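In the two assemblies presented below, subunit A is common to both, partnered first by subunit B and then by subunit C.
Let's look at the complex of A and B:
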């Protein structure tokens, strides 16, 4: 097996077109701009850009709809609550405020969705490590992400077991919250902690942390267009503070 | 035979990092379910958001627990970043802001527990859980500015604080006991030499609490500007209590009048306006006996002077919200008295 230092020109990782760090900075910039926009029409235009980004990234509309329909419904609730609950403000302003708030929320969530749809957590972690993040912390992120499917299964099993026993862990009441905490979080926590010592010993047995640097099997490249995207993102975010 | 390279000692050991990672992963997974229950609670109460703050403590439980079980400052912050990333990659309904919210929550847990040593007390864990949990309301309001009243934000913050103290702090101690008694983890690795006298911890915790409380008082009295809930104007002069008028505080006293503006240049046909009577605004401030006139001042310095006795008997003179500004609809007065962009209402005596 061939490995490469993080700053070498080893083989490229899969279909990485834009460096995950560039995408992350672009996402942060997009969120800043979304928060700065104060005209519903501009926010609507921004939403169009984000959706266009989904099309460019070839996110299937059916998947986009399935993942974001709850968010769309919540946005509508926000919009309706501004119109119906806010008093002493003229009708037009209520509509404008409600639309702006809903669009702001939608823009941030959909921009994040675009980032998540086009970026793997592993690629982000490797890109950060190759950019200088101490690999032990990058490893913590990787470990966290790798445990997610396991704990999801475990949490689901525990929840189903408690529901089957008649424990009311799925009701929106204070009692259910306490029962949920007691009968779901404790078992999941104990299960998760039971993995800690064996994994830590196993890793140290393989000399994890012995050297200050590590090698990689694949390289997450940083091209000139990544710098261009980062520069543009930062410039737009800064400009939003002066122009809007 | 050579012993090989010596292992470098790190601030967080490998075991600490694994521990933080698994706690964050478990927290990220269960947060989806906690969020779902929170939404159910909002629907049950009939509000778009807020009621779910009763669950907020379950989000910060993981940071308090990570800090308590690792025993090092920074564990909660790292757990916050990791849990936030897990939630974002798992398709959180908040997107990127959830990373910021989790980071702030983790940072606050670390900050509050800074003087508490490796094994914080129940009280300090509850305080850390409460403060950390309450922060989520302020961060979300700061980001989105939902336009809700300061009172509602305060109520949500109080809910979140109580939830954090109970489900984040008190519950974390219970889970630590379970973990310890089940011998899942060895929690007694603290070296004897690193133990500090309990009195020092108590003093340090109290000092930090005092600093935080002092900071909070200073912030809310000297720095804090309430979330923007519409335009404001200052009511001052010969009054018992000067204050900042906001339409949202007078929702119940709003009236509708039909008025016609007849100015030297401008004419507006009879139109219906909704606003708060000037007399109600003045009465809230408490008029003193010496008061004789009311000066309504615009932000550009323009002003109109009204006889106090006259204006008190005219409830149809109202202050209305016009886009982001306030405007006086001086029903029965000529157009020059219809002051736009009102920034100050000054009660004066006889000049």
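Let's look at the complex of A and C:
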């Protein structure tokens, strides 16, 4: 999942309008509340709120559907398995438990989806570093995020090379899948290590790690509404322990 | 600026010296071009000058080396980094952020420069690198040439006194290569205080950017003199085999592509493309990055499913044939040889394809043994493929593909970043395979190598073939359509 700049520009989306840390705290609070809710009806209401959050952030419904349809199918399987597989419990209870479990799952996943759709990894890392996270850890997060697509591309090339040598992915057997996985690890590791060497030289060659601190050309601002969102998020999470 | 005397470097675990008895003196503001074949020690010299050897990379170093008044052995990498900037071959591996401006600001921020100073350094560096228009772009959206400009700007933002460019055009197409060469020439003219060391195995490309040339071979300095007196052009280019002639005895068509359409989402990458390859013919495919060359190879191999069109192999339609079946008839070689090395023994690497398709080791043993002998790998059957040299890995790639006895061989940019000696080695192997009747389709960027390797050249632009001409005549055709960067002998 990646951020779509321009796709979302509502109050939750504009990265200049809500600090990534405020969004992160809001996400943690939302997950706590989602886990604390014990009534399927409330959980459904919460789901409505999360979807409203997507609308507020102007995440396009087509994108939301494309990215989450697998999750929806999985939550339906979760619901069905509770009804069909749980024994010695009355029918209504099984439905209620199944609904609660799948709604909790959906709420957490969709809240996380809202977060990653509206927050760039780079902005989050810079915000965390500027809030006090040691910059070495911040850049560890950044470089990891940066290399994910690259490693995916490398793995894809290696898989293509195997297919071109006759590994039968078009008629997959357990043996072919096992061989494919085994034969992917070595080439991807080798090419990745050479990239890591190159990156280390590049970063040290630009004095990364020279001082215990560093400056930032641009600060990610904290406005009053960020504090309001953080306060509300924490208050709701705490309240969920007392009221539910 | 640089004072080196009696420098010897040996990597831990290696018996051979990577650099031997190097003596070099470079004054402030000089531009020096260091050349030599791959593995001659150019990059090792760069790593010594930037302080990574001996501080970060395990190697034994003797002799003396002083850069910007700093003794490399006594000074830390960080102290040296404030005076020496190193731009590596592959820009992709050098970036640690997501956006151009953040990447260029990275160095000054690490030096604790105040934001206003960071911004002025960013602006100056982007302007020097001709990349001001890229400042708000994401790094992932940039082309290869643009990435190299940003990598250069990121190093220039550190305001180095010595700038080392380690084969900066190795992974670029001719258009981007020309831009980088022009940029370096401009930098030399405008920034008289900057000392430049350009490491390049195709030295004629940078003849306008340097005052002086040094040639390194097997770790030793062979030539050190003014660039005007250097005889590099004939010295290097003559190694390439002579131009191939279109052979009158070419066989029947082995591969025919008719009206091929292929797209990604809404974008059509191949637009009704037609081509043919005859038995024993080597056909070259040139064109800018993104013109559809790799997509075409992938579609022929069956790794992509074209939206329309027909692919005929030896006259039979294979458009609907599964990839695993095509792999018995078509071989494909990828750009990076490591991508195609999966197993822990050379022998297993050669037989893995047939074994995956259900053959027994006994059935494929005679073919595999013959190929291992033919490609000069018979002494390495039990060696781990990753321990082979680059040239041996490439030979192993060919052996492991040819074991299926394909009638067509597809090669995706096998010459990228390769020096002339390695290119010659591969051209000779392809010549032998073509003489055996294999039809070969090879993607490449280097016009000099491609015209010497191929019988016929196709030039692609935006998914269409604009030129289909004999290798000897392709230069004139390219000139006619204004693709000067691809004309042989231009770079």
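To be clear about the criterion, the second predicted complex is superposed on the first by the 212 of 244 C-alpha atoms of A that agree within 3 Å, B and C clash if a C-alpha of one lies under 4 Å from a C-alpha of the other, contacts with A are read in each partner's own complex, and residues count from 1 in each chain.
Here is the rule we use: a residue touches a chain if its C-beta (ideal position, glycine included) is under 8 Å from a C-beta of that chain, and two chains touch if they have at least 3 such contacts.
From a predicted model like this one, the values you see are computed outputs, not experimental measurements.
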Which of subunit B and subunit C A:179 touches, first, second, both or neither: second
Residue contacts on subunit A - larger count, subunit B or subunit C: B
Partner chain(s) touched by A:33 [first = subunit B, second = subunit C, both, neither]: neither
Partner chain in contact with A:161 - subunit B first, subunit C second, else both or neither: second
First (subunit B), second (subunit C), both or neither touched by A:43: neither
Subunit B versus subunit C as contact partner of A:205, first or second or both or neither: second
Which of subunit B and subunit C A:22 touches, first, second, both or neither: neither
First, second, both or neither for A:230, with subunit B first and subunit C second: neither
Touching partner for A:122 - first (subunit B), second (subunit C), both, neither: second
Touched partner set for A:215, first subunit B, second subunit C, both or neither: second
Set intersection of subunit A contacts, subunit C complex versus subunit B complex: 121, 139, 143, 145, 170-171, 176, 184, 186, 190, 194-195, 197, 199-200, 203-204, 208-211
Touch list for subunit A against partner subunit C, complex: 120-122, 139, 142-143, 145-146, 149-150, 154, 157-158, 160-171, 176, 179, 182-184, 186-187, 190-191, 194-195, 197-211, 213-218
Touching residues (chain side subunit C, partner subunit A) in the complex: 47, 50, 52, 56, 77-78, 81-82, 84-86, 88, 90, 92-99, 101-102, 105-115, 118-119, 122, 139-140, 151, 154-155, 158, 298, 301, 303, 322-324, 327-328, 331-332, 334, 336, 338-344, 352-354, 356-357, 386, 400-401, 404
Residues of subunit A defined as touching subunit B within the complex: 27-28, 31, 35, 67, 70-71, 74, 77-78, 81-82, 86-90, 93, 97, 101, 104-105, 108-113, 115-116, 121, 136-137, 139-141, 143-145, 147-148, 151-152, 155, 159, 170-172, 174, 176-177, 180-181, 184-186, 188-190, 192-197, 199-200, 203-204, 208-212
Complex contacts: residues of subunit B adjacent to subunit A: 5, 7-8, 10, 12-15, 17-26, 28-30, 33-34, 37, 40-41, 43-44, 47-48, 54-55, 58, 61, 65, 69, 78, 82-83, 85-86, 88-97, 143-147, 167, 171, 175, 178-179, 182, 184-185, 230, 247-248, 250-251, 254, 274, 276, 321, 323
